[in-house]
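Please read the structure below before turning to the comments.
Chain IDs A, B, C and D follow the sequence of writing; residue 1 opens each chain.
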């Protein structure tokens, strides 16, 4: 199989930092390792700083740089806009792209507010009518062990689900002298651990279970209320930073909430940046009447599987090394036992999106799915503000 | 050191089932492996069924059997009453024993209601004035890895505490056809997973942190509302069991709650009997600014320790095998690397209690500590009944 | 105190140190937790130091102390002699006991030389003709996870065996300043890591596989040739210790050997006291065509099981928590998930021996099995002395 | 597209299968993620099958295809020849390239025989005089956890080394009906598990310890002597395959050997394709007087580290997640906790080679290092053929 006569699609990506590198690598890798029905062309990289963007463009083979995202969206050779900017800019860029008839891949969380997310979902639904596709980048769904978890639940191997417990644990601001950054400002980031990493475990647990969260009871906490303002930090007003060595943290350091799922399971969620020793520990455990699953991203090529229908004499959690050709996405890469890394899921995301476009299907997770997550984030904040009172999550239309 | 001239103390134990065997072994083992200042004599075992109690007595060397606990309490040669009966009988027996001037070891939870626990704590406080000692059997405190965890926190090795997460996971009624038992009836058991196993993680986290829980937000759930009535089951009214093959489950199958600790940490708790594949998984993780701890009873001789002050290049969770002579309780047993089992903690409890009696100190956890746990259990039930509303826990007097 | 009308058997135990405590506890526990057909009576404890032995006797309830093992063996009320002394005394005591018609439990290794072991096996065979039973104390066979491993292999779950790898790793003399002790002297201990701990993994792998080792290729090494002589150390000639602060280590610090089993499997063995960080790590892994097993004593209540007949998509090593009622020995103890410790295997050994005596069967491992291990140890030493040349192990008669 | 004014180097790669894809990705990734001093240009891909090679070329951006490796080597725009073909062709291609003044990266094992390896090392030494660089592809050295292990040993953190134990466990031919392939034929593959995977653990342990193996005692085994001949299999003579459904396996299925290192450590090695359940388990453990290290490729982003100088009360094997910016190679990739995969080490290898070329240094492991490994492989085969007799490994010149 060759890539010769395969149709191509021009990609325009806005943003070029951490996520930009991951996405660049994904677009480049997709046709190298997978037999994609559409080959992406890296036609334009958008960034306000031409020099910095140019460096990334050279490194990954982007054909050109645009310093104005509106120009990038407007280019004829751009068929898909990949939005990798901070959350407060997602709505404007994504909606413009959709209205221009461009497919859109938008990083998570979909937006910083429910209102923005609603507008985006609406724009996506409208665009879908004319075959324009959109996807929100809850990329961890494409980690093979997570995709396998989804398959096993969908096959009924866990039976009736009773428990979901999910934690996303980091520790990068456990030090009270860690400086302020845009991720600690509400107007830029929307929320703290809640939206940044809590959003992932909300999406993942709904994806794996195939169910929705119906309500929550929550607490939020900001352990360190003020932090040093770094010299390079332009996020705060100049006057304030001149007067004081410290500035306020305006987002949560941690979010904890209990939840219920549509099928009757109860759940416990926790997202934090203060779990010393845990670097990127996405931990999910699901217990059903017939079996259980457990995952930890710090051992990302493994899914723990318990089969409760086995004779207890030989039953136990199996450490399934998710590197077999029969596992999702794996056969495109290396032989059994040769693990994948963090960025491979981005390639899988690109492949799935290109395939959906080629096949004329709406890919998942949709902007509507992203809106649903946004509503859960809002419910968590509402509950926390109301003394942890149980707060229903509106069902999707 | 010999046990020759050591003073003795007559033990009278009420109850002889699972806990009775564990306690019998503890009283017998204490002077064998430890240099106890008081040697326990197993003088009387109390049980309504003389034959069954007699069998246990013969197995463990109890000198006599009493079928009426009041007689046992009244015996001159009984100096300590060990209460191993179901929770609904604790108050009556323990208070009678205290009033008779007998030291009391009472199994957890202290009682089935706050009112009973208050009466017990009051009786214990009064008895203490005349040197009568009392202890509530939160035995897991005496697992060496747990005792080490307490030491490390007390030494300041974790710094400011931010997170506590605790789970007690079992799966013995995940099968909806598992039969009814007294543990599933509110009038006998007080509550379900909450009081039976949730009480343990409440006590353990307060013990390890040296802090108290100040409030909670909770949900309770009974997944299986009715269960088959076993033929041998006499806990339900005869008429009901004659009419129906199934009877109602009147306690929780699972309890989840969020909490806050006095020092500012936030916490997540979960107790369940539906976590398929988890048999007796007491999992506790604590994150502080300077370090973290993690424990799982399914690997009970291990404490995971993270030192956040180490160079990140060589930092990581240490798997400390808690079998060194310098670890709590360990030097009395075997060489390094030779792990202990479940029942050893009961021996440690007996040793600590005998030592406190000899030294004229009140041992811990006291009945007041048991009352505090009871109040937290009540707050959890109250919160769950009030739509998860935040519910304060009264501070101890 | 006995159990009903069950017959009793008087135990006379020679030796009272580490192993003496473990055996005392075993004899005492056996009738408490198991329905043994014969109840052991702890009638006599033998030790040259009357005071020290007396202390142990009081702690565990031995009825009397004998300072001359010959008198202990000769006593009418002693029906079984339990030999817990160092290896250089095993032959004399055990043979005398067998000739006196007493059942014998002898600690491992059976002896310090093949010649002694042969004499012992011969004496045991002769005694067996008149119903006298003998057992060598390879106690780890009675760890539930090990016994389960044996069952699974015997059931054919592993298919044709290809690989055995076994390590017994300790680190208590990794420090070159650790002092001399009798365990480091060839005339007392026979060998070093080889016989002390290597003997265990030889026995365990033969037991689990149900096969014998047919030949070996080996290296031995003594890393630290001289060690400080402790003041209390009387094992060396007085003159030498007066002249020098250090004395020679005359045994191996480590033994490594390759081996072949009767069924065609190849094997790798390693015993060492220099594996820093490994305290009592008995690690055994067995790979067969249809499955694999792995065990590590540092997590002793777990057996890792891989089923190669499963769909690779959900296959993986299962962490079987060997605490179910259906697991060997477990139902006598605690509910599922409540792990056992090091000393429980000694109780299982006592129960198995008492049962074999009651049923008129020869228990396993027999003295002939102990002799076989001794011959393998000798073959290892011979191979090491002969430039690792392949050295056959004589087949049992 | 290049990075600025950085000089470039034309790469010509011979071979395009599994290793070809890994190397292609490496050459492409190197300048994307690292600030390389020389940018590789993927100018020519060599393969006898133009169509198949052309497909790989298109997927990874190779500018041209050569069906004759001699033409590829001769091209003026090729400055470095990357040899990814089976081992029996390495010598001819690599020597030709070196003689043509081209830098060479040659996959491991360096050759199938010592004689070939000697010729290659000689050619490399000669070429080095005129600044031509050569590297043998023991790529696992560049896994960050392995590189960290090397650093820790070099820093003296383990002290005097006592033990090395290394296993490379796979299971892909545990099924006796798995078909013949070129990897099971001695004339193509040189040896079986020994050279294919055993070579890796030989190199890795010598690299990490900084010491050499001085002698070995070995056994080899072929469990399945004959295997089905697949229809597509052209490796055997046609006549033979017409007559019989099965053909002979002419290489080892497993190799086990004991070894000694220059510094006094003893070692145990095992390489097998029959360890059911182990997919690509490269396990290395090293014990020194001051500490220990342990690694398992099935958890490749982790290095276990034990510090024997710590207080035993808090000592234990640390699970160091090797994803910190201070870890080797890591800062070029993702934030802490975001693990790398199998192929990243190939990029690191490319970066190190390009850097050495730019700096005028000979990179490691050199062809002389590859020859040393070849001599150890030969010593293993010699020992196995001589009844496991101890066999010295010649010291490098």
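List of remarks:
Please note the rule applied: contacts are C-beta pairs under 8 Å (C-beta built on N, C-alpha and C of every residue); 3 or more make two chains touch, one makes a residue touch a chain.
Chains and their UniProt names: A, B, C, D = Gfo/Idh/MocA family oxidoreductase.
Here the structure is a predicted model, which is why all the values come from computation and not from measurement.
Using the mean of the Cα atoms as each chain's centre, the chain most removed from chain A is C.
Across the two candidate interfaces, B-D and A-B, the one carrying more C-beta contacts is A-B.
Distance between chain B and chain D, defined via averaged C-alpha coordinates, is recorded as 55 Å. Computed from the mean C-alpha positions, the centre of chain A lies at a distance of 36 Å from the centre of chain D. Note on chain placement: the centre of chain A and the centre of chain B lie 42 Å apart, centres being C-alpha means. With touch defined as above, residues shared between interfaces to two or more other chains in chain C number as follows: 278, 302, 315-317, 321, 336. Interface residues of chain C, counted against chain B in their complex, comprise 1-4, 18, 21-22, 24-25, 28-29, 31-33, 54-55, 58-60, 170, 172, 278-281, 297-302, 321, 323, 333-344.
Taken together, the chain D residues at the contact with chain C in this complex read 160, 162-163, 165, 167, 169, 171, 174-176, 217-219, 221, 223, 253-254, 256-258, 260, 264, 266-268, 270, 272, 274-278, 285, 287-292, 306, 308, 315-317, 383, 387-390. Remark: chain D residues 148, 152, 302, 305, 307, 311-321, 324, 326-327, 336 touch chain B in the complex.
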